[in-house]
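Data block below; observations after.
Should a chain be cited, it is by its letter among A, B, C, D, E and F, assigned in written order, with residues numbered from 1 in that chain.
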C-alpha cells in the first residue's frame, strides 16, 4: 500500500506521528499508556485517560511557539497500553516497574499516561535503580500520604507514602489533607507548597529548587489544576493551579535540574469536557519540549 | 420532627418504603447493595449499579397487578452499601460471604444488587452452608466459565467456574462462549440453554426444572436480556432474552422450587438509558413477589 | 430576501414545511407545542419534548409509503409554544383549554405535543364543547386514575380521573396500577386493555371499537411503547407495545371512527436516544395521515 | 449486623458520617435537602441538586486544613428530602417554613440544599421569628427582585422581593438585572455589590459588614460563582466570582457577625461536570466550619 | 521489549488481534476504516463510527459458537483510517476507490467501516473492475435513490442511484421513501423488499437469491436494524429489522453466492448506547465468518 | 389567535423578541445562523452552534446593566438558518456572500452565528464591496493562516489566509501556530497579539487601534476564550482570554472605530456545558450594544 500511503491518516499514536519520528528504535521519548484504575474510590474511569490523551494529541500543533522548535523531532514512540493485572494492586505496579526498567535500560525518556496515581510508584522504583539521587516533584491537590486505604497499601491515596520509602518528594498544589496526613507531615517535618500560597515568584521557585536533587521525576496528578480547566478527574478540589503557573514551575525545574521522566495521571475523561484531554496532551508535549530541548 | 414526618419523602431505600415495612427486624427480605467492579475489563461503572436501581425503585407501583398483592408488605430492608475491599478480588467475595452468612442465619431472604458478577460466589458459598442441595440458576449472556482471567481466578469471567466447585448450575440465555469455555462444557458434558433456542415452552421449562435441585439460587447477569431493553451493561450481546421470557421462566421456577435468594448483577448505568435501572428495579420487585408470594 | 429564499432552510416548524403548506389560515392541522412539566415527579424534562419532536420532524420523508400520499398537503401549521403558567397546575390546563377552544372554533384539527399528560384535560374539555358524544382513547402504560397526587388533583397521575368527569375513556397498554387505581377500576367496572394481552387481532379491535363513541380523541402517553423503542420518558415500564401494534390499532380507529384530535405526551428527550423524538415525530405524521386521509 | 458494621460504607448522608456524629439529637447542624424546581424557567433539574451535593460530600476530607479542625465533630445530621408539594409554589415555601421552624425551635443550625431559590423565603420567615434583627446576605448573579413572574409572586425570580418584605438584604455578585429590577433598586435606593467591582479588599468588606445586622442568614445562589467553576446551574452568567473571593467574604462575616443559617441553591447537576457538586459540598462544609468554629 | 510483550494489551485493531493474525501480508481480510461524514444532513458524527466499532471489537469472543470456528484465524488486518478529503464528496469516494482497488488486486477481502453511506460507491466501483457480474445487496431503511441532494450527486441520500449506474441492486429493509424515489422505483420497475413484509421465509429468501448475481457485495446501512437495537444512527426509522432476521438473510446469501466484500456504514456513536458499536463489531465478525468459512 | 397571543411564548428567535422588535423591515440588526461544519477536522458539531446560541438567548436579560439601555430596541431580526451546500466548501462560502451582500444592501448590520470559521470569508467579501477600507479584527486561538488543508483552500484552518487576500487583519489571542504559519507571519512581517502577552492595558489597546482601519469587521472564533469558560469548541487551547479581556478590547474598538458587522464562530455545543452557548449569546448581545449604542 506504500504508493497510497498519503491517502491514510497517521497511525493512532501520541501526536499522530508518522515514521520515522514514531519509531521505537530512534525515539528519545516513549509514551507508556496504563489504563488501570483498580483502586479508585469514587468515579471510576481513569482507565479511559491514556486513550483520551492520545486521541486528542494529533490535534496539537507540532510546532512549539514558545520554544520555536518542532518538539516531535526528538522522536516519540507510543507503546501499546499496558495490560491490566487485577490480582492485587501491587502486581500492577510491578508491571509498570518491569516495563519502565527495560525502557530506561534502553535509554528512553519515559512518559507515563495514567490511569491512577498508584502506578507512579512502579516508575519511580525503576528510575531509582539508575538515578541514586532521584527526587520526585509531585503536583497534586492531595498529599496521597495515607498509609493504607480500602484494604491496601497500594491505593492511589497512599502512593506518595510508598514513594517516600524510596526517595524524597516535593509537593506542590496540595489543598486537601486528612488528619492522618497532617499528622504525618508534622511528624516528618514536611511542608508542602500549598495551592493557596502558590505564586510563581522567585522565592518559591528557589525554595522548590533547593528541595530537589539534580535528577528529578515529575509526577502530575492532573487534579493539581483548578477544576475550571480540569474537571475530568475523580476528586476536583476548588482553588487549584492555573495553566501558566504549572508551566512556569516546570520550566524552571527544566532549566536548573535534569528531568528524568514524568507522568500525567488521573485523567477521567467522562467527568469533564474533552478540553481536559486536550490540555493533558498539550501539557505532555510541552513537558517533553521543556525536558529535552530547553537550554540549561 | 415526628409531627412533620409527612412533609418528607421516604428515606432512600429499595421501593421507597417507610417504617415499619423497611425495618430490618421484621423484614423478610434484605437488599444488599455491593458497589464493586474491581475486575471489570471494558467499561467500568457497575459500581454505580446498586444505587441506580435503588433510586429508580421508589417509582415502581408497590401493587403487583399480576399477583394482585402489595409485595412490600413482606418487609424489605435495604442495607447500606458494602465497603469495597481492594486488596484482592477474593477479599471482596469474602466480605459478601461474611455478610450474607449473617443475614441467612437471621432468616433473611437476601437480594444482592451488583456490582460485578464475581460477587455472586460469596452469596452462593454462604447459602451452601444452609442448603446442602443448593443449585444455581444462572441467567447470563456469557458462560463465565473461564478458569482465570487478567491474572485472577476471581474475575467476573470466572465466577461460574468457581460456583461449580460448590454446586451444580443451570445456564440460560448464553450466546457467547470462548473456545476454552466450549471445551470445558464439552468435557463436563454440560449443555446451556442457549439464547437462540429459548422459547418458554413447556418442554424447555420442564428440562430446566429437572436440572435444578429443590433449593435454587438465581443469579442474573442483566446482560441476559436483549440489548434493546438492557443496554446499560458492559458487554451487550445482541440476540438476548425478552422481559416476558425471563419472567416466565422464573415464575415457573418459583412455582415448583424453593427460591432461596437471588442477585441482579452488572448494571452499568452510564452505558444506557435510565430505563435499564427501572427494569432492574421492577425485576427485583417482581422476583421478590414470585419467590415469596406465589402459591406452589 | 425573496430572491435568495432557496438559500435558506425552511423555518423550524413541524415537518420543516415552507409556505403555503405551513400557513395558519389554510392549514387543516395545527400543531400545539406545550413545554410544561410542572407536576412531574421523577425525571423532569418533558418540557423539552415538543421542541425535540419538532426538531426531528424535518428529517421525516413527507411522502407516506403506506398511504401513498404526501400528507403535508392538508396543511400543517405549527404554533409557537404555549407559555408556562406556574401559579397552579389547573391554570396551565386552562391555557390549553382556551387556546384549543379557539382553534376548534376555527375548524382546526389540533395535535398537541407535550409536555406532561395533565395537559390533555384542557384539550378534552375544549373538544367536549363541540363534540357531545366524545370519547377518549388513551394509550398509556399507567392508568393515571389517582384522585390526587403530590398535593394536587391536576397531577399527571390524575389526568384520566379528571377526563372521566367529562367523557368515557378506553385504556390500552396499561401495565402498571396502584392499589387505589385497581380499586377504582373495580368499582367503576372498567377494564383496560392490558399490555400483556394485547394482540391486534380482530376480537380486540372490535371490542375497542365498541367501547368508543363516533367522535374519538386519542391521547398517547408515549410510555405506552416498549422501552426498547421509547426510553425517553419518565417512568419506562418494561413489557410495552410495539410500533406496529400501536399503528394498527389507531388505523382501525381511523377507519371506523371520526378522530377529532390527538396528543403525544411525556417525551422526555434527555432520558433516551434521539431515535425516540424521531419516532414521536413519525407517529404524529402517520396519525395525521390516518385521521385525515384514510378512506372510511 | 453490628459485628460486621465495618464491612459497610457509612450511610448516605452529608459527609458520609457514621454515628454518633450524624445523630439528630446531638447534631448541631441539620442538612435540609429540598429537591424542588417547580418555578424554574429554562433548564429544569435543580431538583437533582441536593442529592448530587450529598453524594459528592463523602469524598471531602473531613479535616479542614485552614481551620485545623475536624468540622464534622459539631455533629451534622442529614434529614430525608422534603416532599415536593405541587399545588402552588407558596405551598412548597410553607413546607420549608414549617420544617425550619421546628428545627430552629430545637436549636439546630439549618443548612438548606436546593432546589430552587424561591425556597429561601420559607427559611428566612422561620428564622425571622427567632431573630428580630435578621438580615440576609445574598450571593447571586441575579437580583431576584421581580414582583411576579410566569404567573406567580413566588417564582425564584421574585424571591428576594418577597424576602425584603421581612428583612433587609445585602446583595453581592449581581451581574444581570432586568429593567424592572433596576428601577426597583433605584426607587428603594438599594445598591448591590456588583460582580464587576468586587475585590475582597477591606473597604468593600467593611461596607458589607455595615450593611448587615448582627444575625445574618446567608443565601447563596450558586450562579454567583463564575461559570468556569460552576456551570451546573440554570442561567450561567459570565464574569462571576471566584472560589477564594466567596470564601473570603463569608469568612469575614463569620468573624464579625452571627451566622444563623445558610442555604446553597440552584445546583442543576445535569448542566455541568460533577466538579460543581463537589464544589458545593466543599462550600457547605467550609461554611459550617466558618459559622460554628471560627473565633470572633 | 519482546520479553515483556505479554505485559501489554494487543494493539488497537479489529478484534484486538496479535501477530500473526493481524499481519497485512497473510491476512485474508482487510478492515478499511473511513471516518468521513461530509454529506450528512442531520446529526453529524458517523466519522466516529469506525473507531467505535474497532474499540468495541476486542471484547468479542473470537470463537464463533454457531460456526464452531475461530474466525480470526483467516487473518484480519486493520488499516489506518483513510484521510478525509474535503474538497468535494466525489474526491473522497475516489480515495476509497483507489485504496480498495489496490487491496482487491492483492487478493484481499475488503470490509469497509463507515462513515457515511456515500463511500460505498468507491468500493463498488473497485470491485466491479474485477467482478463483471457484480450485484449489490443493500440492507437499509432508506432507498438512497435520490438523484441529487444538498447540492451534490454524491450525497449519501444518492449513493444507490450512483451504484445503479454500475450494477444491479437488491434492496432489503426499506421503510422510508421520498416521492421522487417512489416514482423512480415505479419507472425502473424495481421493487424493494420492504421492512414491513420481511420474514426470513423460504419464499422471500429464494426471491432475494434470484435477484442476485453470483458475486455479491453487501452494503449495510446500519439503520436497516430496528432502532431498539440500533439507535446510534442519523435517521432511525421505527419498524426495522431484527438481529436474527439480518443474520439469516446474509447466511443464506453466503451459502448460495460468492460474497466479495461488505461494508457497515452510518454508525453514529454519539446518538445511542455503546451497545450499538458492539452490535456492529459482532455483525462484522459474523459476516467475515459467513463469507469465508461457511460451506456452500 | 390574536386575542390569545399572551398565552404563547415569543417565537424562537435571538433574544426571544416579539414584534415589532423582531420584524425584518425595521430591524437594524440581522442574525444570520449558518449551521455548517463541512471542513471541520476533529469533533464535528459546530453545525449545532447557531441554534444553541439562539435557544440560550431568550434567557438573557434584555436590559444591559453596563450601557443602561435595552439593546433590543434597535430591532433584531433572526433569519432562518442558511441551507448547507455540500458540493464544495467554497460553494457554501458563496451562499453566505450572496445573502450577506443582499442584507448589507438593505442597510442591515449583520451578525453571523456559525458554524465553522471558513464562513467568515463570505461575509468579509460582501462587506468589502461596501467598505473599501475594511479591516478585520480576528479573535482566535489559532492563526488560521494555512494555505490549504485536507484538500481544500477553503478549510477553516485557511480562512484568514483567504481573508488576507481581501483586506488586512489584526490577530488577537493567538496561542497555537503551525510551522508553516509561523513562517508565513515572519515572511509577511505580521505580528499577532499573542494570548500570553495580552493585558488590556492602554499600550496594547492603542497598538490594536493603530492596526485597524476605520471600518472594522470583528470575527470571533470562540476558542479565543480560555477553555475554562469556553470548552464547547473543537480545539480548546489552554491559556486563553477571559470574558472581561475580550469585552474590554471590543468596547475600545467600538468607541474608536466603526464596527460594520461581526461573527461568532465555532461553537460546538456537544463539547461543553450549556454555559458556553449562554456566554456566546450574551457576547452577541453585548457586541450589538457596543457597536450600535456606544457613544464615540
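Just so we're on the same page, contacts are C-beta pairs under 8 Å (C-beta built on N, C-alpha and C of every residue); 3 or more make two chains touch, one makes a residue touch a chain.
Values in this document were obtained by computation on a predicted structure and should not be read as measured data.
Visitor: What's the overlap between the neighbours of chain B and those of chain E?
Guide: Looking at chain E and chain B together, the chains touching each of them are A, C.
Visitor: Which pair wins on C-beta contacts, C-D or C-F?
Guide: Higher C-beta contact count between the two pairs: C-F.
Visitor: Taking each chain's centre as its mean C-alpha position, how far apart are chain A and chain F in Å?
Guide: Once rounded, the distance between the two centres reads 37 Å.
Visitor: When the C-alpha atoms of chain E and chain F are each averaged to a single point, how far apart are the two points in Å?
Guide: 40
Visitor: Return the residues of chain E touching two or more other chains; collapse runs of consecutive numbers into ranges.
Guide: In chain E, 41, 83, 226, 228-229, 273 touch at least two other chains.
Visitor: Could you run through all the chain pairs that touch each other?
Guide: Between chains, contact exists in these pairs: A-B, A-D, A-E, A-F, B-C, B-D, B-E, C-D, C-E, C-F, D-F, E-F.
Visitor: Which stretch or stretches of chain C touch chain D in the complex?
Guide: Checking each residue of chain C against chain D gives 37-39, 41, 44-45, 47, 83-89, 91, 150-152, 155, 270.
Visitor: Would you mind writing out the residues of chain C in touch with chain E in their complex?
Guide: For chain C paired with chain E, touching residues are 59, 61-63, 65, 68, 70, 226, 228-229, 243-244, 273-275, 278-279, 282.
Visitor: Could you pull out which chain E residues touch chain C in their complex?
Guide: 41-43, 175-179, 182, 194, 196, 226-229, 231-233, 235-239, 271-273
Visitor: Which residues, counting only chain E, touch chain A once they are in their complex?
Guide: That would be residues 1, 3-4, 6-12, 24, 35, 79-83, 95, 98-99, 102-103 of chain E.
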